[in-house]
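First the structure, in the form of structure tokens, and then the observations on it.
Letters A, B and C mark the chains as written, and numbering starts fresh at 1 in each.
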């Protein structure tokens, strides 16, 4: 398994960046997800790693070997794409055997290895069928088998579940995850589906507008978004954001409302902005509804989600925030609700740079 | 920053695979493009040569070896459009004294000939134009109606009917000409404009139905349905929505039908003699008469081909659909 | 649409009636000009009749058919037609598909190059054929010069020798219709998804393998359409022969359609016999057309 390193890798068409210069290290055996809205450059990044797209700058190394200008087949990678890319006139067996034959393996060896991966993916009974006759899920299993059979140094997957039905997607997601854990294979996985990213990634690279926004574990990007884009993009609904002013340890917003900022972030805030404009963010589950809470709001609407209720709370007629509440109590429309925030889960953002302002680490 | 091994000297400006970067792939692409251009030149030689021959003098047209550089003249056009008489030596001398000779007369005189009237070629060309235009109008008119019906309504035995319509187009012209010849003779339609118009309408109708059906199939039904909901009748919806939306298709079909009729030879050869004869069958028969006037034939050919070449450029987006009867649309 | 609906004064036509009204003219014209003649000539094919004689058709049963099928001369016309179709369609496929492979990747001006290559296909075959007769001329024709035969004493006489005359027609047909094959091939090539080639690149499949395993099978349905369509057209070949050789030298290039024309409209005007010959041609062409239309439907749905 390989460690993949991108140093200053960029893709540019004239003045237009498809991917701005980026640095990224993908550790051996790691499952890294490139996540972002369509057109953010995540697929281009993956294609540059595979060699299907030539970089316009920077270098890519596999285990320290510079492969920036190596032929895609010299990089020892497997590529799985949304459209499966199976040869429709070959049987599944021949499709899976294809990379081995291209490498010139002996017949017996090919047969043995195909049988082995077929068993792993439980597609032994499909080997003599042509892919056209299979369901999307089975086709993707065959495509995965073709990727696995070469025992590549890295798997590159471009929205491999994108073309599947919702229920298949769930199953295949689990299968890919399991395969990864069994094979310990370095995997780079592109998706625009944050649930998929959260569920599968050891590390998530959030991209937007041709730029990396944040690199971190699923928990990092969810609880500690690096900037407003990540805060809004991750989570469904995204993070609640309130604009206001920071004055002497207090965040003032709406019509004369205020929230006392947790003491441990104050120094960081004061260093970053002094006194003035600030954005406060919190996830729906950071809300504690309690009559004595510091923040006043009106119920705009509420809906039940199986195990919990989602409240949509109107703050001063300006902002609607989303809050998770127990399903026990009913909230009438327009009724007054006061709430407090879990101080551990309150985040702050610079209104101009949109970057997160984090409390300083005690060293 | 240090250069990666194998980096290309030229900066990359487009989306391309790593293995297609560099000197060798670029050279391959260049060779391919070069060969394509060579192929194009070879394909165009006959047309270019025809254009050149049309402007050659009579001896230049048949010079050995063929002349690439020559003094252009419109002699060929003059012989194409006139009837001439060979003059005797004395007559030539007499003619040379005359001062009322036109430019064309003087060109003819160079070959010892006097112009004695107009040739039939302008008439043939006019026939071609009339017959192609009128028959195209009818085939597109009836074609668009039938295509609309096949596209929008459930027609009993639709596939069989469409199959039948297309199969009429596959018939060799000679096969149907014998009975049509008898029929036309009985109805006094032999060698008439109407006879050929009727035949070309039928000939192009099958094509028009298929091609137009393809275009109309692509117009979303929702437009019409919205109009029907708004209180339009089906016919109004057809006229005010479907027709304007299928204008491109109608234009392409019109041009194709026109070209087919304009180029047609076999029917015209067998069903016309003189009155309604079109230009294409008039050209081979020109070869038979006396010494072959290649410059004149080239000039006549040019008159037949130039309109088609121009129209082909207008059609280039639709050529694929046209030649496959609208069955294949991509590309 | 800003036009407001006109008030309805009479009951609008029902969809059924519109269908009828719209399809009728087409059907009437086609039945009149195609179906009726077909039945009429089927009847004539069983008779002894000449359009220039005053005598009415005389029923003679299958005699015309047996005459044709037992006459060595007719078989040789079929043989010439078959040889022409085979050579011409085969070469068109090679040249047309080859051109498509060259022009497949866009380069500066490739759009114009493509359109210019397509021009011959749209021209009038007979007009083109007549002009090619000049180009094939052994002394002042340019064709031999372009091939490098500059000595008119040793240069091939294209239209004077039976074998070469057939090749002359093949050459012109290939010149005219390779663009058609190219056009269909380009459509097929452009529909091949790029990810297939990308997967092959990662698998290190060679160029030949990519061609055989990806390109060829993906274009095959359209190539088949091209073969069928061109075969039908080649079997019907009339215009080019009339323009280039007129069937000569002797009857070396007299294909079935030309023979048919001569039987029906020249010499004896043997209408009965020529109708029978027409029917034999028709049966062959209908069989191939059937395959063609089926293939078209397959491509359209697939």
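Some observations on this one:
The rule we apply is simple: a residue touches a chain if its C-beta (ideal position, glycine included) is under 8 Å from a C-beta of that chain, and two chains touch if they have at least 3 such contacts.
Keep in mind that this is a model prediction, so the values were computed, not measured.
Any chain that touches subunit B and also touches subunit C is listed here: A. Ranked by distance of CA centroids from subunit C, the top chain is A. If you average the Cα atoms of subunit B and of subunit C, the two centres end up 16 Å apart.
With centres taken as mean Cα positions, subunit C sits 58 Å from subunit A. Annotation: 58 Å between the Cα-based centres of subunit A and subunit B. With touch defined as above, residues shared between interfaces to two or more other chains in subunit B number as follows: 17, 19.
The residues of subunit A that reach two or more other chains are 51-52, 71-72, listed in rising order. Residue numbers of subunit C whose C-beta contacts span two or more other chains: 198, 201.
Across the complex, subunit C is touched by residues 17, 19, 29, 32-33, 35-37, 39-40, 43-47, 49-50, 53, 61-66, 142-143, 145-146, 148-150, 153, 155, 161, 163-168, 170-183, 185, 198-199, 201-203, 205-206, 209, 227, 230-236, 238, 240-241, 259, 262-266, 269-270, 279-281, 283-284, 287, 292, 294, 297-298, 300-301, 304-305, 308-309, 311-313, 315-316, 319-320, 323-325, 327-328, 330-331 of subunit B.
Only residues 1-2, 4-8, 11-22 of subunit B touch subunit A when the two sit together in their complex.
Remark: subunit A residues 50-52, 71-73, 77-79, 81, 83, 85, 87-90, 98-99, 102-103 touch subunit C in the complex.
Against subunit A, in their complex, subunit C makes its touches with residues 193, 195-196, 198-199, 201-205, 209, 213-214, 217. Within the complex, the subunit C residues that touch subunit B are 1, 3, 5-6, 8, 12-13, 15-16, 18-19, 21-23, 25-27, 29-30, 32-34, 36-38, 40-41, 44, 51, 99, 101-103, 105, 107, 110-111, 113-135, 137, 139-142, 145-146, 150, 152, 175, 179-180, 183-184, 186-187, 190-191, 198, 201, 222, 225, 229, 232, 235-236, 238-239, 242-243, 246, 257, 260-261, 264-265, 271, 274-275, 278-279, 281-282, 285-286, 289, 292-293, 296-297, 299-300.
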